[in-house]
Amino acid sequence: METDFNETPREYCGVMAVAGHSEAAKLAYLGLYALQHRGQESAGIVSSDGGNFYSQKGAGCVSDVFNRDVLDSLPGSIAIGHVRYSTTGSSTAENSQPIHVKYKGGRLAIAHNGNLTNSAQLKSELESRGAIFLTNTDSELLLHLIAHSPSNDFEEALYSSLIRLKGSYSIVLMRDNILYAMRDPRGFRPLCFGKLNGATIFASESCALDIIGAQLLRELKPGEIIKIDGDKISHNLPFAPSEQSFCVFEYIYFCRPDSIVEGKSVYDIRHRLVEHPAEADVVIAVPDSSNPAAIGFSKQSAIPFNHGMIRSHYVGRTFIQPSQQIRDFGARVKYNAVRGLLAGKRVVVVDDSIVRGTTSRQIVTMLRNAGAREIHFRSSAPPWVNPCYYGIDTPSEKELIANSNSVDEIRQFIGADTLGYISIEGLHRVMPRMLTYCNACFDGKYPGGKPNSIRKDFLEL
Amino acid sequence: METDFNETPREYCGVMAVAGHSEAAKLAYLGLYALQHRGQESAGIVSSDGGNFYSQKGAGCVSDVFNRDVLDSLPGSIAIGHVRYSTTGSSTAENSQPIHVKYKGGRLAIAHNGNLTNSAQLKSELESRGAIFLTNTDSELLLHLIAHSPSNDFEEALYSSLIRLKGSYSIVLMRDNILYAMRDPRGFRPLCFGKLNGATIFASESCALDIIGAQLLRELKPGEIIKIDGDKISHNLPFAPSEQSFCVFEYIYFCRPDSIVEGKSVYDIRHRLVEHPAEADVVIAVPDSSNPAAIGFSKQSAIPFNHGMIRSHYVGRTFIQPSQQIRDFGARVKYNAVRGLLAGKRVVVVDDSIVRGTTSRQIVTMLRNAGAREIHFRSSAPPWVNPCYYGIDTPSEKELIANSNSVDEIRQFIGADTLGYISIEGLHRVMPRMLTYCNACFDGKYPGGKPNSIRKDFLEL
Amino acid sequence: METDFNETPREYCGVMAVAGHSEAAKLAYLGLYALQHRGQESAGIVSSDGGNFYSQKGAGCVSDVFNRDVLDSLPGSIAIGHVRYSTTGSSTAENSQPIHVKYKGGRLAIAHNGNLTNSAQLKSELESRGAIFLTNTDSELLLHLIAHSPSNDFEEALYSSLIRLKGSYSIVLMRDNILYAMRDPRGFRPLCFGKLNGATIFASESCALDIIGAQLLRELKPGEIIKIDGDKISHNLPFAPSEQSFCVFEYIYFCRPDSIVEGKSVYDIRHRLVEHPAEADVVIAVPDSSNPAAIGFSKQSAIPFNHGMIRSHYVGRTFIQPSQQIRDFGARVKYNAVRGLLAGKRVVVVDDSIVRGTTSRQIVTMLRNAGAREIHFRSSAPPWVNPCYYGIDTPSEKELIANSNSVDEIRQFIGADTLGYISIEGLHRVMPRMLTYCNACFDGKYPGGKPNSIRKDFLEL
Amino acid sequence: METDFNETPREYCGVMAVAGHSEAAKLAYLGLYALQHRGQESAGIVSSDGGNFYSQKGAGCVSDVFNRDVLDSLPGSIAIGHVRYSTTGSSTAENSQPIHVKYKGGRLAIAHNGNLTNSAQLKSELESRGAIFLTNTDSELLLHLIAHSPSNDFEEALYSSLIRLKGSYSIVLMRDNILYAMRDPRGFRPLCFGKLNGATIFASESCALDIIGAQLLRELKPGEIIKIDGDKISHNLPFAPSEQSFCVFEYIYFCRPDSIVEGKSVYDIRHRLVEHPAEADVVIAVPDSSNPAAIGFSKQSAIPFNHGMIRSHYVGRTFIQPSQQIRDFGARVKYNAVRGLLAGKRVVVVDDSIVRGTTSRQIVTMLRNAGAREIHFRSSAPPWVNPCYYGIDTPSEKELIANSNSVDEIRQFIGADTLGYISIEGLHRVMPRMLTYCNACFDGKYPGGKPNSIRKDFLEL
């Protein structure tokens, strides 16, 4: 399962921030490059030289939006950046982040990863107080809250606004020449920070620190707010402690395997997401995201791993599906099976999740056509039963195949000989102990209760 | 003098609206095409099918922003459009219009031509009530006012917001499937309407009606608000009558000569903007904008008119000034003199205004190089002494050559043998009698007094 | 009538060359800018630093193809350039010029304006000797001839190749670091040269010299070949003298009016292309190309001239004709009538030619709708009866309205009250006496006889 | 090692052809998509409907050059396509393939993979017979030879031309509505064919057949020419048999691992390219190209395989290397190490070759920084000592690190603890027995002797 394919869950974004470096925007650019897997539909950077904000945003990948001239036009020693997946092409330009505004307290720019579950209520309340919304973003919502705060002290306004937010947020925010980074009290989404010489770097994942050679310090704590004002760095935990609800899917799928998240190696965790042994000749992965789990399955089962499916490096948005007599390309555009590794073999194929089941079915068909004698499909995520309200763009309940089908019905649908999901218990045996998690997509236990109003209807401005 | 050249005054925009036509966005597109001279740096259309708004905006000319696919993606029977000149490249995308928002009352989209003189005050007040500004536009300002209105009745909110505005505005505004068009009580900027079969069309100038074959009815009255709700059209004049302050420069320079503005032919007016006879052999215009005045000069003086300067049709923003050994192209890129018409001749050259004086000097040099024996420079506008606060982007006072130089000093600077500006009195002998005008750029009498805070500092978000 | 509109005759190109200037490519770029009216569908420059050739070609206007980086990548002190109108979009890239090749004698680059009438025969002969054709251009043809020449002396090869060519050519050709310019013995197409400090400049028209401040020396003589080799300039007339057949349409329509062609002012000639007086109130031009003739008509008739039609400056290739309910825009996209100058008036409208008659009809309709009481249509070219084989892209005979219709039938078709073409005799009273002309489009007397095989079928590679 | 990175050998192209399918161009497009790894700098398709050829070519990846409109403009039931790596940006447009021409025998279009070693001689000979060269391609060369053939029979001309060629060629060629595919007598480069319903498909690799669901039949035999004329398919072997010289690097690196080449699975071969056991804790690959060899090493050594390096999916040409204070990104932009898998470990890292050594050094540094205790570098190709003249774009001899350095010197340069190349003998134990190979890059034994004149100087037109 990959972020650029049809059946994929999509997360809204990745964030990056740099404070205290004379080429802040360029470092932000490099970091966004490493975070590209978290969103390919828009990218943006706002930098500040203390006096002014400088902004560049646009549709597409980081390499589409920025070039040398553009980077040279973003001076200043602090910068924030964002990559985003957006729902509709038409609104891409308007909803791209960071958002920057002028308000009574001066200039603010913000980039946000996550999803607020009470945005409709907050929006309605703000509208009743006269707010107008030019975008669909939670970022704009928070800026409205800050601006409507009765306090003239920025941090009072910020804290009292954050306390109104329900749901998930990992935010970087720039006020004139001060940088803030913050994470919701339940710590749904990752946000880490590190050092590069004298500069402080924040990023959704540590791979963005690696690319610039920065040293990872740690994840922000749930509810932590870090402020960088020149040389001064301060840490605040202004909210009542609550149990963390770290998104288990970040470990299962979203993060790059080379990232260290909450102090743990993503690769190492994925490596152990295996259950349901099978009698087979070879273990293969749906590349690249399922590679670690397939390797882990191979180790546990002593069945050899091999690269039985090859992934095209050149799949992009612009692939044209020839319409008439040429059909049913399905997964073939993205993957191809290695016949020699599969023909006559009993094959375990590991994928990271099953959403609608249609891609899984195409993969099974591809493997059968390549001669696989038996196909044992293994998902390194448990059955996905419930939609996410905390930042993953999931299909509706009825589109989730596991919502209304038994494992055996799903097996029949995808055409595998056996189908095994990791169990929720098995998942938690693997997940780092020091954290607590949000597994609502699997068990329906939404932290703080199921939201009444969902993101979906809010999205259609 | 032309809108795409260096020394030119720039107006902020042209607006267009269509109600009651199944191809509303396409008609808006055609209208914007005809209004392109009012702004080449961004263009946009928002359409409505009653249920949803559909938007396309972008940097560049109308033909850069729209193609068939884009137009096909803008359904609905009402649409508003906008062309704009923006001050900085970086903010073009964010400040392009129409702006469309969601607020407590539903959806609104707006396009605006003009400039508010109390925007800084209003903005400050709105900020104190919690507003955040994502753009620099007066359009966003009005939407904030509407949204902050205590009234839940849209038209009450609109009227009470408009009454707060000082300065100039010609606005088209779309609320769900209702279209409003309105003009400030002083009627600074033009806004006319007409009919095309059952549809109602609003446009900054009648040339936008001509291109779609619509029939011009009349200009909106100062302070008039027209509402189109399905088949119903209603007219309101909710404000106390004030004296009109129609921008005299619309007649002198901005409007296309083929437009009928306030019931009068622009061409015809320009035709008579002549004073200061000269003994000469030929009258020429700085093409194309000064053609009518030069023809008029020719008639009055019985000195034959000829096309002594040729204008390139292909001058655009992207001309590259070769930097090193090739210099001083100046006006040569845009104009070339017709030597045969000028050599040995005494030449009257008519231009529509003199701003900084540098272009005029280049023109005089070009004419001298083409052999002109005497050069009698005539401006069909009076000396431009004061900046405009009502929608023309003028340089600062000290850059306006007439602000601190006598006519003879200007003559010496540009290198002409004689220099004659039309007088303010002469100008008003030509202007239609039924109107009253804003001539602040010439006489410093700003309608309602000189604004304290000017647009300029507001612009730098 | 303008080069970018539907009913227009199209010429294939303009050429430019610079020798002996350290920024040769940049000067060529500027010159092409001034020659843009001779072709808007592709542009290209090849420069040479003696050792290497550097090339940039592409579809579109000069400003689309070149930017600063591109110009900086074209070093060397000699350069040739080309603008072109091509017949089909798909072949634009391949057929754009200059063409540069490697052959036994080294490197050659060539740009050509004109049309060979024996290209099919030459091509067939060359093919029989093994030539392959990658483009449709006459430029490639000449290069093949040179390469197939038995002589190893370049100039012998060039001369013996040129002598094989029938039809029209004005060519600039670069061999390593030597520049040649040449014109066919009948001198159909213009080609002039001038000086800029120590550099020599060749261009299709003198307006390209004006833009860079170069001094026009003279037109190349028919059959003249000029060679620039470092500081040495040599002139050759290797062919038997023949009577000149200068294209009369260059004076009537193609050249920019500010150009001096064959020593005469184009403007001045057009000015006198008037016949068929009319009783009328106003003389107007179809702008901009007919302005001079309309002025001339006004002078002769003492009927006042005015700008009764306004031309949009922003008409480009990308205008989208809305298809369904919005129709019959025709000329309205490009022109608009100034009602105040026309209503109730008897109008003389001067255009430079009538090709198919459809644009003329649209213009007449537009003038009638603007209230013109009588419309007297005058063409400053005689009836266009025959296709051109010397470089103007004309429709087939049957599409030429004057080929099979009387003047009165044409008058009826276009809807004018009277219609008057200048006579061939009248035309020649105006044309400079020292030249002889090709008027085949009017009188069917093709210099050297009507070509057997025409360009048309050759074009479809 | 990957085709889009700095130190990579580059091959010139991939070819694709379709005959007998109503959507030939669309199938060609899909096939090129699957062959994208063989060239990302230009792409093109020429189709034929029997009467005409239709062409689209351009710089960039397949998805940059084609869209739905373009594909719809390429009708006909036969089509050929090409992807290419070109040496200089400026010549990309001109040298992109397929090349299509008109010559005495009609229309031809050709696409070529390989490199002729006698192109300079042939070119010189052709030039002496009058040929001009508009491109640098071997494709143009062959077309000249055909056109210069004394025979009027196309196939005689083709065969007698092919017999002149030395070096490597896998060619698809279209003549009106007949398709030819051919492979040089030594069979350097791959070229296979298959069936899709009634259509015949040719492609450089079988992965291009897989993507359209075509059935692979077999590789063309060395020297085989296949002709498809409507329903008739004929096979010819017109040349004296010679020993095959299949490029061993196609198996080692170029081909996609999921391709079946010469009847053998590329993956399976790569899997066994292992030698030089090491005492270590983990085997990792430089992804993705070295995955199979690393898996093979793991199997042989029983040291566990893991994904210790992660490859960015978004690396493209447009990455901007920030220049000043941010340096030495090197391989970090493309790869990141997974610290958890490497820290404290003894690591075997397998790459497919070492060219200049600089990338290998960056990789070793990256692994050390990730905590690897020992680094054992293994190359699945033997030391690369000699340049290739048969279609791989290699650096000069002195840039090839193995040309002038011992294995131990290279080890020191890259910083590994041990370095082991596969031996030439070991390589041949793995390569399929039924073939014979070109290993000139390793052993200097150029089939038919070392070419006198090399491609390099020929390239600089």
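Labels A, B, C and D are assigned to the chains in the order they are written; within every chain, residues are numbered from 1.
Operating definition for what follows: a residue touches a chain if its C-beta (ideal position, glycine included) is under 8 Å from a C-beta of that chain, and two chains touch if they have at least 3 such contacts.
Everything numeric in this text was worked out from a predicted model, so none of it was measured.
Peer 1: Express in whole angstrom the distance between the two chain centres, defined as the mean CA positions of subunit B and subunit D.
Peer 2: The mean C-alpha positions of subunit B and subunit D differ by 59 Å.
Peer 1: Can you work out the whole-Å distance between the CA centroids of subunit B and subunit C?
Peer 2: 36
Peer 1: Counting only Cα atoms for the centres, state how far subunit C is from subunit D in Å.
Peer 2: Computed value for the inter-centroid distance: 47 Å.
Peer 1: Which residue numbers or ranges of subunit B touch two or more of the other chains?
Peer 2: In subunit B, no residue touches at least two other chains, as defined above.
Peer 1: What pattern do the touching chains form: line, ring, star, complete or other?
Peer 2: Graph shape, chains as nodes and touching pairs as edges: a ring.
Peer 1: Dump the list of chain pairs that touch, please.
Peer 2: All touching pairs, sorted by chain label, are A-B, A-D, B-C, C-D.
Peer 1: What residues of subunit A sit close enough to touch subunit B in their complex?
Peer 2: Per the touch definition, subunit A meets subunit B at residues 52-58, 73, 90-91, 93-94, 99-104, 107-108, 124, 127-135, 140, 143-144, 147-149, 460-461.
Peer 1: Contact residues on subunit A for subunit D in the complex?
Peer 2: Against subunit D, subunit A makes touches at 21-23, 26-27, 29-30, 33-34, 36-37, 40, 61-64, 66-68, 71, 207, 210-213, 256-258, 260, 265, 267-268, 288, 291-292, 295, 299, 304-307, 310-314, 316, 318-320, 322, 324-326, 328-329, 332-333, 336-341.
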